[in-house]
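Labels run A, B, C and D following the written order; every chain starts at residue 1.
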């Protein structure tokens, strides 16, 4: 136990949905967060339970009382003076609960896809009804897409964070410096040929529910492509990168590993470009952002370099022709792709260093 | 295509339950069986389907019509002149159907546990009712435990084969030469200390149903013990080895691999014994049985040596004290532990070499 | 044992290099090949050994004498009247031995990369010296690239087969119907944007030598891209598909599985194209070729569908815009990507059905 | 960054051998250790290098200078005022260096097997020469076996810690409460029948060197027994448990996973014993020891519960006869089986809570 001064600004958090894989990581990170020493999150679920039973790896990390899961109720949050609510819940539930949470003055960090998409049409993939309540639209307008490397300042002022999708995080972080530069400078990338993001993810991305495709016999020793042209994260990619539908082809694959995403992203430059210029562009964009690590060419990140870390790693390989660039982007889908990004957002909302409890 | 003479004695088989993992292997073996060229099995299930859809790896191995799955009916079997029925069905279903199948003159090879146990008390683990129909008891009396290395002659004359459990096959084949010799010779083994069988199995043993423990996230990178003191195969072990309950401790573990069983079996000799004597005992017992391979010490089999083969491999390691022996027994749970053992039994019932279609 | 007529045209084969993974599969296929019943291949290596020791899974599949590995010598081949030599050897060794083998009247099927490339410049990746012997060039001119679905007739007449690379097979089979049609019809594909082949392979492709990247701790739970812009198979792709260097981007990745390749191939059509037309193009190209299986959209093959099979599976997914097509191509790198393709070539050279011993 | 008071008692550590897997974990733990904020360990190796290059996952966790690996020299340690030396080196090197380190006044925590065994005969497995220098024998006499749950007080006073083997830790922690009670009370266990420890370990236990058995193609999808009757950890088991050679059979197996050990330990009681009594015995023995977690029956630990944690988990399953007990013991071989145990020992040597930096 480190000798820690009393936390000056007391905060109270609650987590709903810690049974899931991202929820488990969120619980682990918050239990060890230096600003929450002595103030563990209030864990809530459908019924009374214990995180020690659900996730044996968490046993002994905190007293049993701190690991208790309480049946969720707004009254409980009020009693415990909770000011920030983490939702690791299905998107339908997040969509339903957030208006009330905001109305009660809570700050919300939602790990689901419920509030990530500005355009109502894009939200169709989540099956939200055509005629949405005006209240929901008003709430949506307040949501900030919680990718701190893009929206740091807006996140710091937000009441509702839509924590990004794991695939989307890996692809947006790989592309944003280039698409941003393209707009600014009138066109670095040759978008006519389109960008291809060939992504591969571990099985935890598919959730805790036992299904045909999460069965060990299906996933082990296998690789399969899925969700072609219709994956839910496509809308986030379009909106955050400002790309039309035809400009980006995104293909997810299911890897026979528990966790980690590697996206191989293919872009074309309009003109012959030097590797130095590419690296400089990324170095400038991510200056001071410690959770994005840039690998100097010819080194490339791999899933092993990010597994169980809070980083997104980026590497670059330029064709001899100087026009074709391959970006390799890696992250742990449960951490920088979910739970540690949520903590990073929360740190910013609280005015702390964004890496607090993460490095 | 080999140049094959017309099959002299036409046989017609049907397989119920080819959706499962053992069923898939059984389908593959029978589709390639030299006695069934041009006479593929009739595959039956709950509803019309195609094995090509269920098991893409089987596509193209036979014409689509041969891979069709037909809704099961006794009439269909009659129409197609089926004489042998393979059941890769849940034990409840096998228990219910076999009396009718026998009454209709069919030979049955049942891969479930329904008919493996002579003693009614042992069958309690399968949840069969206390007051069993006399008809069932009469059928049970005709069932032969289908371990060809033990019961070759009875199998050749049987109408109903109870195909052994996968764990049970691996342990019985490792122990039977010693327990048989012990009885005959008045006591090779020191049974007072008990025998320990520490078994490890791949996930396919748990079946095709998606459950908490067959989820990739549960099984991958993991090892867990389960079913201590109450695994269903314990009854088979007792009955086939003639051991009392206290004489054998059997502990199954779930390995993070798709298929294969390795059993590490610990026995004690009453007196200092030479490795030569042990090897001679096994060589004599398994003489001419090509599907049991004996590894000369100090070589030991491993799961990789038997994966996707029809063999059970046995190896021996004697302590310097000459009293403690470790047997290592390996097989593929879906083959020698299920499907290829079923084919071996069928070969014997038909009077063919037991390895027909297996070597 | 099937009742087989005496083989009419006796053949004698030898295999050098059966210690490796592809060599092991070749040994297994030839030991069970119907034309070689009673005439097992002569296995050769650097020193006397036994396949039973090297590959325990092969034990018992043939008598020990048939599994013996003999020290290689030309005299031995002559003594045993070998007429066809399979080389599963490093490319340097294949390059050195083949001229002598041909001079001695042997037919050769070489699984290495030594003779795959017509253009001397392309061969630079194999480190062959700049000033090659004219003899080697003359031999090279006789080599036929052993992809039966492309070069069936030339293979049937060949004395030297250069068996294709595993990645190359998966990508060429996915693209050839389209590139062939493009040439014929004046341009189906929009090549200006380039084709992208994002390939993922199991670890067996890296060979038997223990290295940093074949270490379990490196490969397990991981995915890594490697060999960007410089993989050896790029030359085969260029030559066989008739594409310029800039037209194809090929990125190999190392999967945490033992075997299997999945290539996700991205192409663009010049004009909006119907899925039907794509499927018809492939159906026509592969008509009668049983080892290529076409999956009807929206079904896609995956590695599990081809693992331990002799097939290459192809599937198609067309973007809603009708211009972007994703092809998914799967095969087992040790089988259709190596050993079973070698047997397929041999079958054609012998005038037998190409699937003899493979289906 | 937590708000931490200046560390009162400054300590300086050095780590030799951080290239290995245990060394990597040790580096990670020490870089984050609260007593070493601002005082990162001095990493040493054969040549100048960077941990960021060797272990990409460590990049960004500390400034590049803190991750530098320096060529080892005693002068460097002196310059940097190092007081504690962690050795994650081969046992030959540890055996050679420790006398000098102690002579120079350093405290040493050695992760190798060099100093674990009191009896010279036991040390034969490490190949140490028969005629050992008297100096080495004198040093050996000072070594304390670093299992804090057994030797807490002696560790606190020690200058040289022999950090236990991973298998040994898992088995000793499972058995010591029973063997200790047996001695005290005149015999809880029936040792005549012997104890069996059937252990299974992930591949990291075999070290970083690429070998035949660490090749992915060997280990994946496989399970193999090895080192029967002669594993190096047998001596530790004998000495720490006070058991004769015949009383314990220890069989290691290689699991197809990166890390984690599960030992299934079989003991017999002299008399019918109640589960409560067993659980009470363990609860008393491990009272206040937070890094040993006891699972209430019928729950059993599994490798997933301890992977990447600093715990050793113990579970119990008693046969219906009350005489046969199965203990399941799990730990992460690189953490409680190596690196975090080293940190635990260091904490005790420094007079800090033993879980400092570990919980």
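What we mean here is this: contacts are C-beta pairs under 8 Å (C-beta built on N, C-alpha and C of every residue); 3 or more make two chains touch, one makes a residue touch a chain.
No experiment lies behind these values; they were computed from the predicted model shown.
Visitor: Going by the stated contact rule, which chains contact chain C and chain D alike?
Guide: A, B
Visitor: Report the chain whose CA-based centre is farthest from the CA-based centre of chain C.
Guide: Most distant chain from chain C: D.
Visitor: Counting C-beta pairs in contact, which chain pair has more, A-B or A-C?
Guide: A-C
Visitor: Between chain A and chain C, what is the gap in Å from one C-alpha centre to the other?
Guide: Spacing between the chain centres: roughly 41 Å.
Visitor: Chain B to chain C: how many Å between their CA centres?
Guide: The separation of the two C-alpha centroids amounts to 36 Å.
Visitor: Round to the nearest whole Å and give the separation of the Cα centres of chain A and chain B.
Guide: Averaging C-alpha atoms per chain gives centres 47 Å apart.
Visitor: What are the residues of chain C that contact at least two other chains?
Guide: Within chain C, residues 218, 221, 256-258, 302, 304, 307 contact more than one other chain.
Visitor: Help me check something: in the complex, which residues belonging to chain C touch chain A?
Guide: Residue list for chain C touching chain A: 192-194, 196, 198, 200, 218, 221-226, 228-229, 245-246, 249, 251, 253, 255-258, 260, 262, 264, 266, 268, 300, 302-304, 307, 317, 319-321, 323-324, 326, 328.
Visitor: Write out the stretch or stretches of chain D touching chain A in their complex.
Guide: 1-5, 34-35, 37, 56-57, 59-61, 221, 290, 293, 301-302, 304-309, 311, 313, 353, 355-356, 359
Visitor: If we count contacts the way the header does, which residues on chain C are in touch with chain D in the complex?
Guide: 21, 203-204, 208, 210-212, 214-221, 256-258
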